[in-house]
Every structure is written in structure tokens, then in C-alpha cells.
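Structures incoming, each one as C-alpha cells.
Below are two complexes that have chain A in common, paired first with chain B and then with chain C.
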Partner chain A sequence: MSTATVVVTGLGVASPTGLGTGEHWAATLEGRSGIRRLTRFDPSGYPAKLAGEITGFTAEEHLPGRLIPQTDRMTRLALAAADWALADAGVRPDELASFDMGVVTASASGGFEFGQNELRKLWSQGSQYVSAYQSFAWFYAVNSGQISIRNGMKGPSGVVVSDQAGGLDAVAQARRLIRKGTRLVVSGGVDASLCPWGWVAQLAGGRLSTSEDPARAYLPFDRDACGYVPGEGGAILILEAAEAARERGAHSYGEIAGYGATFDPRPGSGRPSGLRKAVELALADAGAQPADVDVVFADAAGDLDLDRAEADALVQVFGARGVPVSCPKTMTGRLYSGAAPLDLATALLALRDGIVPATVNVKLSPEYDIDVVVDQPRHLGLRTALVLARGYGGFNSALVLRAPAPR
Partner chain B sequence: MSARRVVITGLEVLAPGGVGAKNFWSLLSEGRTATRGITFFDPAPFRSRVAAEIDFDPYEHGLTPQEVRRMDRAAQFAVVAARGAVADSGIEFAGLDPYRTGVTIGSAVGATMGLDEEYRVVSDGGRLALVDHAYAAPHLYDHLVPSSFATEVAWAVGAEGPATVVSTGCTSGIDSVGYAAELIREGAVDIMIAGSSDAPISPITMACFDAIKATTPRHDDPAHASRPFDGTRNGFVLGEGAAVFVLEELDSARRRGAHIYAEIAGYATRSNAYHMTGLRPDGAEMAEAIRVALDEARLPGEAVDYINAHGSGTKQNDRHETAAFKRSLGAHAYRTPVSSIKSMVGHSLGAIGSIEIAASVLAMEYDVVPPTANLHTPDPECDLDYVPLDARDQLVDTVLTVGSGFGGFQSAMVLAEPERKQV
Partner chain C sequence: MSADPFTLDDLKHILLEAAGAEEGVDLGGDVLDTEFTALGYESLALLETGSRIERTYGIALDDDLLTDALTPRVLIDSVNELLTVSRTV
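Entry: the complex of A and B
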């Protein structure tokens, strides 16, 4: 197995905190949250009413008209984010050999709003009214497929679905492909299912916050934790072998240094959560000690039991208050497969600027012996970041990022 | 390059025609078909009214009432197949490190059947745009995210290593096993429970394939409706099912004296970057995937004894695929038996790739090449040896199995005997 260094050379962000890396990072540092009352549909009849919505995205400004009727919102956002990421990396796909470029994205629920609209036609009008695009516009592979087509990328591709942990699993798979010889891989994830049908399905998970106060609805590691606010969006990352990136004079945001994944035991087994093990595996893969980690971007479930499990894992690995912890998700909500890629982008920007973003709205519960950065961003020298992501059912993934070596 | 080699030591198949690997192999080796008129719902409004359905009673296979309530049909298939594969492998998990066993389940369309039924209810037959959460099933979230399939399988076998669902459309079943093999090769795990499952036979799926005329309208003769490589083919027959494997590192499989079905010798996937549903006739990207998979297996094209084709029975697919075989294997393509089991079990989308791996492995096990059923009329564009109608006895050491899917994905896997039977 090759252990070639794999770096991130481009970022494309589509988040409730902003479209594009600059807007997102500025809002994140200023603590401007994108969580508000839903506008996409009328939420008054539902117990949960808040979401992290993306505002100001007009697909027609970013994509050719023929793509509009055949795409769900999450695919339009993903295609735009992929364009931004490629531009940021200074990559023109038509200048590279097509088989040297791959695409690996994560998905959670596919193009759910597109599916909703076609299901409605099926049951209210009849099967002959269902769109010809339904056969692919809603399914989980659509973002990888559409990104590969738009950019002429014929190399190895893939799609992983592990609920919210999937974003890290996709990036780890992208690193594998590069280590096996693919020149460049577009990775990450973008999700959006803020439609009535998606809302009802998310409500069934039982963890959505029913608070109507955007500042009090999603409070990980707070005594008043009461569930999470969902959101839409995510990030697309361009990954390349460090050597190839250097040869073309590309800028590197940092290295995908380590990765580990586990699955929690069946409920009632009495065995502990696998989160700690995932962290240990990622650190070992990175050749890093706990003391090397300068900041952790937590999964931040906003659920008392899950927050407890994550705080315990962090204390076990890093010691009490052993490392600063940031949860910028409190400004976006949880973005499903888009959440971890957005955290990776945010973490790489944090490494670049030496700033840990604040976890807005949260008053840290004294029950957790962890150092959550609240109120104000913290300025620190940062070399190494750990990003955690957990998925519904028991998925645990951990990824270590390392800042580029000084030139 | 790592020396770790990956082998299949257990398998189970749920396919139309009968649950279980034995029933599956009987159907294939006898060249019988399991396609029929749809019974799950009234197919009258649809253009295509045939499917390959499984007669499946989850209680007969050990699922509990709560498991049945919680899981979509495809998740039920996955769990039954996973348990069967583990039993077949004879592996004892007690005493093994649970973090060293992982799970990958492929699925193209997840809990489509459950979602279709639930939507009908919460929308009150499509009347409500603001669907009513008070009528939602308590486990609807498990249908929203098909990652629940991996959750259920991990719980069923007690795996605590990496788990995920691989969803690359109709190549999911190959890609899931390829992904799993890679995790063993790189050393992250020692055992993978890997396979795929789909249960797409629902009104929304029939409607969307009707809309693009991908499925056959041959409802007057359902038993002979799936006609891969035949001159009269006019679309695929939708199927359902699952196949799951136990994958292990070769040396540890040998140490425990496991029965070794086959080695996963090579795997590759490429994209056509052309169209979400269309294929260019030259098959260049599938040919590239085949070449890379053979390279990884360190085998020349001439080593391939049998090609288990995607063979969906659409006009464009069978032509595309035939071109890809010629492009990658040259003259050897004409000397190699090629067959499509979709002629018998239909096309179960993300599941079929693993079901076809199982067919390939069983062909090696029994030294029998399964036939392409319903193949009577030659097509000048499909001029290879497609093993029409009857199975063929021959030594099978090395099999190439391929898949092609919406999104442009083209995947190839090479399965080989770890020890050659023939020189």
C-alpha cells in the first residue's frame, strides 16, 4: 500500500453561512449563524421549524439551463461547489487526462425533494406523469455522476452512504484512489432535503430540536442540549498527490494525514461506543500522538447521551481539557453528508489562519471536562486538526488534517 | 504493493426463483427463468408489467416482528444474506477483535419500496403537499438514509469496524465488494461482510423506467421477457435480491482451514463522463476498467475462462458491452463464453453486481458456465459466444464479471482460483 502524501488543493463551499469559501469563513469568524425559521415551505404544522437554509443561490447563474430540470437542489449546489473548488485549485479539467481524474462523494438521502415531487405526481396524477429524470435525479450516486460528466472525469469514482459520517469516509476513499495512482479526485459531499417529505422523514429520527429560538435550538455540550437543527449544503474538496500538486505549483491547504472508522455495538450490548477507537486509529494512521493535535472539530450531536459519549472519548484520548474543541455546526445546523466536508474545509481554513472558530450560542455544561471554544474565536498556532463525524445508527469516523510544511 | 490477498470464504444469495445459494444455482445451471407478471401491485397502468420477484417470508428466515417492522425489504434481504454468508463461512467471531471486521453493503436505490409506501400514506395518496408527520412510520428515518442497511448488517453479525453503504447505481454490487477487498488489502481490517441488496419493485421505480423506456413492455410472455444479446431484446426486466460474502485475508483463511471459493484478484471502476443514462457504443471506459482489473490481478486477458456479463437486455447496453470485451480482450473475446444471468433473475439494480459475483464464484466451484436464457435470435452487433439456453461444463479458473450503471459507472472484477486447476 502506497503511503504517498495526499493534499487538499481546492475548496468549494455551499453553506448556510455563505456561498464560497470567503463568505463562509468570514461569517464563521464573526459568529453569524445561518439558522432561521424555514422559508422553503411553511413549517407551522410541524413540531420543528428551524433549519440552516442556504440563501441567495440561483442555480441558473451557475449551471447551463438544460441541467436545471434534471437536477435536485443538492446536485445543483454540488455542481457549483465543484466548479468553485476546481477554480480554487487552479485546475482546468480539460487540461488533464480524463482517466486521471475521479470523483468520490458522500450522500445521505439523495435528491429527496426531486423524489418528493415525482412521488406526488405518481400518486395524485398517475404513473405516466413521472419525469424521465426520476430514474437518476434522486438516487445517491447522482452527484458523483453529474460532477464526472460536467468535468469529463473518467477515472475511478464512488459514492458512500454512512449518514453524517459519510463525508469523511468519502475523503478517505479519495485518498485511497490517489495512493493507487489516480492524479486528482474531487471529493466531499453536499446534501439538501429541506422539503416537507424530507422534513417528515427527518422528524422520524426523533432528534430534531423543536425550539423556535435560533439561538437556543442547537446547543451541543450545553446543559440545555435539546436535539439538532438540520441544514443544507456542504463542501467539495480537490485532492491530489502532494508531489503532483507541487509539480504544477499548486497551493496546498493541508494534508489528509490520517483516518479511522468504527461502528458502535448493537444497543444493549454493554460494549462502549467505538468513537474513541476511531480517533486512535486516525492518529496512528497519521503517525501522530494526541499531544500533536491542536484542535478538534467535534461531531457535536446536541443530544445529551451522544454529547456525553463524544466528551468521554475526547477526555480518554486527550485528557481533561486537553485540546481546544470547536463546533461551528451551531451556525449551520447538521448537514448530513455535507457536514463533515464542510468541517474539513473550515478546519483547513483554521489551520491556514491560526484561528479556532467559536461555538456560538453554547454555554459549556460543567459536566463535560472538555475545552469547547465558546463566545470568541481563539488565535493559536495550528499544525494539526482532528475532525469527527458520527452517523445515525452508530457510524464513527475520524480524520486528521495537517497544515502544509512551511516552504 | 501489499502482499495481502483477499478471498471469499462464505456466501449467501437471495434471488428470484428461490431464496438461498442452492436454489439460485439450480435455477442458473438449469437455465430456468424467474421472471413473471408483477404481483406486488396492480401493474395495469404501466408500460412494463413484468418483474423478477422473490417469494420471501422474512419470518421463515429468522427475522423478528420488530425487525420486520423496522427494516425495508432490501434491508431484510441484506440481513438474511449476511447471516447466511457468515454461517456458510463457518467463521467464529467470539474471540476476534470486533474492530477488525467491517461491513459494506451496496444499494442503488435504498429503501425505495418503503419510501414509496410511506409517501403514499403521509401525502394521503398525493393529496397533501405538506405531508402529515402524524402518519409517518416510526422508523421512516431508516428509509430516508440507506446507511441503515449497513447498520442492520453490522448489528446482525456483531461487526464494529468500518461500515458503509456503497451506492454507485447499478455497479454498487461490484463496487461494494471491491471497496471491501481494498480495506482488507490495506490492513484496516481482516474480515469484511460485503455484498449488496435492492428491492426496487414498486410503482415509482416502474414509472421512472417506463418514462425512459428502459424496461421491456413484453408482458404477454413474462417468462421469456428478459432477452440479453438477442436480436429481439427491447429492455430489461426489473428484479430484486441480495448477495453477501465473507471476505478474508488469504493466509488467515488458510490457517483456520476455511473453504475458499475464490480470490478477488482484481477490481477497477471507471466513468464514461458522457451521460447519466446513455452509453457511447465503443465501450472504451468499461474496456479500461477491464484492463486495469486484469493488471491488478497480474493476469493476461487470455486467462479469462468466462465472462459474466452485465447483459441487461437493453439495445444500447448489450452492444456497448460487446464492444468493451473486444476492445479489452481482442481475439480472446471471441473464444470466451459470455453469459447474462439477468435473462433468468432480471436486473436487481444495485444488488445484481453481487449476485453476479456469486454466480461467477459458483461457476468456478462447479466448473459450469451458466447460460443466457431466451437467446434465439442473433444480433449482428452481438457476435460473441453468449452460451445460449443451456449451461456448459468446462473448467473455470478465472472469471471476469462486469457492471454498467446510470451515472456512467463501469466496473470490472476478476475472480480467480488462488491455486490454478489448469496449467
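Entry: the complex of A and C
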């Protein structure tokens, strides 16, 4: 397999911080959080009541009528984000050969809201009332499939399911496919399961914050860390071989320079988390030294033990307070498979503008010897960013982004 | 149950509810003899449409019909045939 350089040429963002890259980036720099009391359903009967919700998305304004009865909310958001990303990249799919374009997205839950509605019809009205589209609308792979169909992309495609880490794993798979010869791959991930069924499934994980104060509910690396707030959304990225992108005169946000993934040892083994190893693998893959990394976008679990494990890994690799760390997730909540792609988009914008977004609401615990950027964004010359993502059950992934070489 | 026949308007209504409108296709035009696939409706859209017709009119369409009923006219005629039978029984 070649080691051809793979770059990101288009971004599409659907986030609680905004629809579209511009809105999201402006809100992120201003520290405007999208976390609030749930409005998509009444959360009063549940222990967790806050979420990062996307407001103002009307699917009918973005998608043809044929797609509405057959799509869950997460798919509608993913299709819109894919449209924006393709437009941003200046790619018209109908001008490229179908088999030269693939789609690899991550998914963590599938179309829960759609599934809930159809299952309700099943037990309350009978099987003849269940939509025929239930056959695929709630599948993990449905976002990849619908993006592929809508844009006529028949190249290698698939879905990666590894909770939050999946967002990086999908982009890594997209890079592999491009290195094997696929011209362009649409990647990233969007999750949205802020419905009662999705909510109880997330509650079962045991890590949701039950705070009702949006400013105190999700506090990674803070002494008052008390779990995380879930959110909906994510980002879609257009990946291309650098050479092909250059040939068509495309703009590059940066390079997918390195990737590493590990799996944690079984609980109780006494062995450390595999996160450090994932970081080291990603750096080695990028041909980078720790000192080359200018900013880290942390997984930011908001759980005392998981925050400790992440802080330890960062100190071991970069030294005490060795690199600025940002957690823009504090403004969106954790977006499952959408989280890491959104962090990638945010990191690429940070590289472009030389600004590290601030982590909001957090007062850094003195127990962690890391340099979390709090209160105000930090202006820095940025060349290299590291994005971390951990998935429930032991997945660790790390991805290194490098700014495009100055022209 | 209504004794009115099943019309193209009824079909359009159910079709839009079941599967939405295809861009660039005018269901208000002369579509009676246009194949569903040409109108933008694939087999799953027809399955969903058929299931809604069955629920609404209390009839059971033949499993082979939806794959064979390639045009609105054939589907409408079949539904009306079943409606006539169910009313005379």
C-alpha cells in the first residue's frame, strides 16, 4: 500500500454550536455552548436532563421529499453535512467516476428515533403499521449508504462502530482506501439519538451527568467532574490524495498525517490504558516527535478516572504541561461517533487561523499536570494537532493533523 | 367503509405520505401509465405504499402485485377489484 499524502479538502459541520463550519467556528471561539435542557422530548422523568441539541435544522429545507419518510434525524443531518462538505471541497460528484468515490462513516447508535417510532407502532398498532424503511433506516451503516446513493458514490464504502473512537477510525479507514487507489472518500460521522429510547440506552452506560446546570454539568479535568452531557451532530470530511487535490486546484485544510489505535486491557488487569500507546503509534505514523505537536484536542471524558488516565498519557508523552490541550466538547457535549470528526474539523480550523479554542466552564484541577486552555482562546502559530478519542469498552484512537505546507 | 372507488388522487396522497415526492416529477401530470420506477419510486417505496393501502382500505394485496403493478393504472385497478369483491362478499 502506498503512503501517499491524504488531505482534507472539504468540511461539513452539524453541531449544537452551529449548522455549517462558519457558524460552528464562530460560536466555538466565542465560547457559546449548545448545552441546555432537552427540548426534543420531556426529560423530567429521567435522571439526566441536559444535552447538546442542534436547533434550527429543518430537514425539508435541505433534502428532497423522497428522503424524508425513510431517514432518521442523524441521517438527515449527515446528508446535509455531506452536501456542505462536498460544496466546500468544490467537488461535483456527477463529474467524477462513480467507482472512484467511497463513503466511510462512523456510527455509534444508528437511527434510534426512527426505530423507536416504528417499534412503538409495532407493539401498539401491529406489524402492518411498521414502515418498510425500518428495514434500513436504523442501521449503523445507513448514513454511509444514503450519502453513497445520494451522490452516486459506488467505490469502497462501509461503517466503523467503535463508539467515540470510531470517528477517527473511520477517517483512518478512508485514508487506507485512498492509498489503495480510491480517488475521494467522504468520511466522518454524525450521531443523533436524543429520543427516549436513545436516552435510556445512554443512561445505561452509567457515565451521564445528572447535573441540571448547563455550566456545571460537563467538566473534564475539573475536580467537580461528574460525567458527561450527550449531544447530537458531528462532521463530514472530504478526503483526497494530496496530488489529486492539487491537480484539480483544490484547497487543503491539512493532512491526515498519522493514526494509531489500541484496545485497553481487561478491567482489573492492573495494566495501564492503551491511550498512551495510541498516541505514540499516531506520532510514529506521522513521522513526528512529541515536540512537534502544537495542540491536543482531548477525548475529555468528564469522569475522574478517565480524565486521570488521559492526563497521565499526555504527561508521559509530552511532559508536564508540555502542550496546550483543548476540549471544545465542553460546548457540544459528547457526540459519540460525531465527536472526533467534529474535533478534526475544529482542529483544522484552529490550524488555519492559529487559534486554540477555549475549554468552557472548566476550572483545571491541580491534580492534572496538563495545560488545558481555559477561559479564552489562545493565539499560537499552529502546524500540528493531535486529536484523541476513546470509545466505551476500551477503544483508544489518536490522529495527527498537519497544516498544509505554505504555498 | 366508503363505497367510493380508489382514485389516482387517493394513490397520490398515500404515495406522498409513504415515500415523499421525487424531485422533478409532477404527480399532477398524466402519470397513470408511467412506471413507478420512472416516477422515482423503488420497490421499498411500493412496499410501503401497498402496506398503507391495505391498512386504509382493509384489503390484502397479492404479494406478486406490487412487483407486477408497474404503473399507477394497474395498481388502482387491482385495488378497485379487491374493493368490489370485499363489498359484495
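Assume the second predicted complex is superposed on the first by the 407 of 407 C-alpha atoms of A that agree within 3 Å, B and C clash if a C-alpha of one lies under 4 Å from a C-alpha of the other, contacts with A are read in each partner's own complex, and residues count from 1 in each chain.
We take it that contacts are C-beta pairs under 8 Å (C-beta built on N, C-alpha and C of every residue); 3 or more make two chains touch, one makes a residue touch a chain.
Computed from a predicted structure; not experimentally measured.
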So in the superposed three-chain picture, is A:H251 touching just chain B, just chain C, both, or none of them (first/second/both/neither)? neither
Of the partners chain B and chain C, which touch A:S131 in the superposed model: first, second, both, neither? both
Check the residue A:Q70 against both partner chains and state whether it touches chain B (first), chain C (second), both, or neither. both
According to the stated criteria, A:D264 is in contact with first (chain B), second (chain C), both, or neither; which is it? first
Can A:P196 be said to touch chain B (first), chain C (second), both, or neither? first
Touching A:G205 in the superposition: chain B (first), chain C (second), both, neither? first
With both structures fitted on chain A, tell me whether chain B or chain C touches more of chain A's residues. B
Looking at the overlay, what does A:R40 touch: chain B (first), chain C (second), both, or neither? neither
I'd like to know which partner A:R308 touches here: chain B for first, chain C for second, both or neither. neither
What is the contact status of A:V160 with respect to chain B (first) and chain C (second): first, second, both, or neither? first
Residues of chain A that sit at the chain B interface in one complex and at the chain C interface in the other, please. 70, 128, 131-132, 135
Touching chain C in the complex, chain A uses residues 64-70, 128-129, 131-133, 135
Along chain C, where are the residues that touch chain A in the complex? 16-23, 40, 44-45, 47-48, 51, 54-55
In the complex with chain A, residue positions of chain B that touch it: 1-2, 45-46, 98-99, 102-103, 107-110, 115-116, 118-120, 122-123, 125-127, 129-133, 136-148, 150-151, 154-155, 158-169, 172, 175, 179, 182, 185-188, 203-204, 206-212, 214, 268-277, 285, 288, 405-409
Okay, in this complex, where on chain A does chain B touch? 1, 41-42, 45-47, 70, 98-99, 102-103, 107-110, 112, 115-116, 118-128, 130-132, 134-136, 139-142, 144-146, 148-149, 151-163, 166, 169, 173, 176, 193, 196-206, 261-266, 271, 274, 277, 281, 336, 391-395
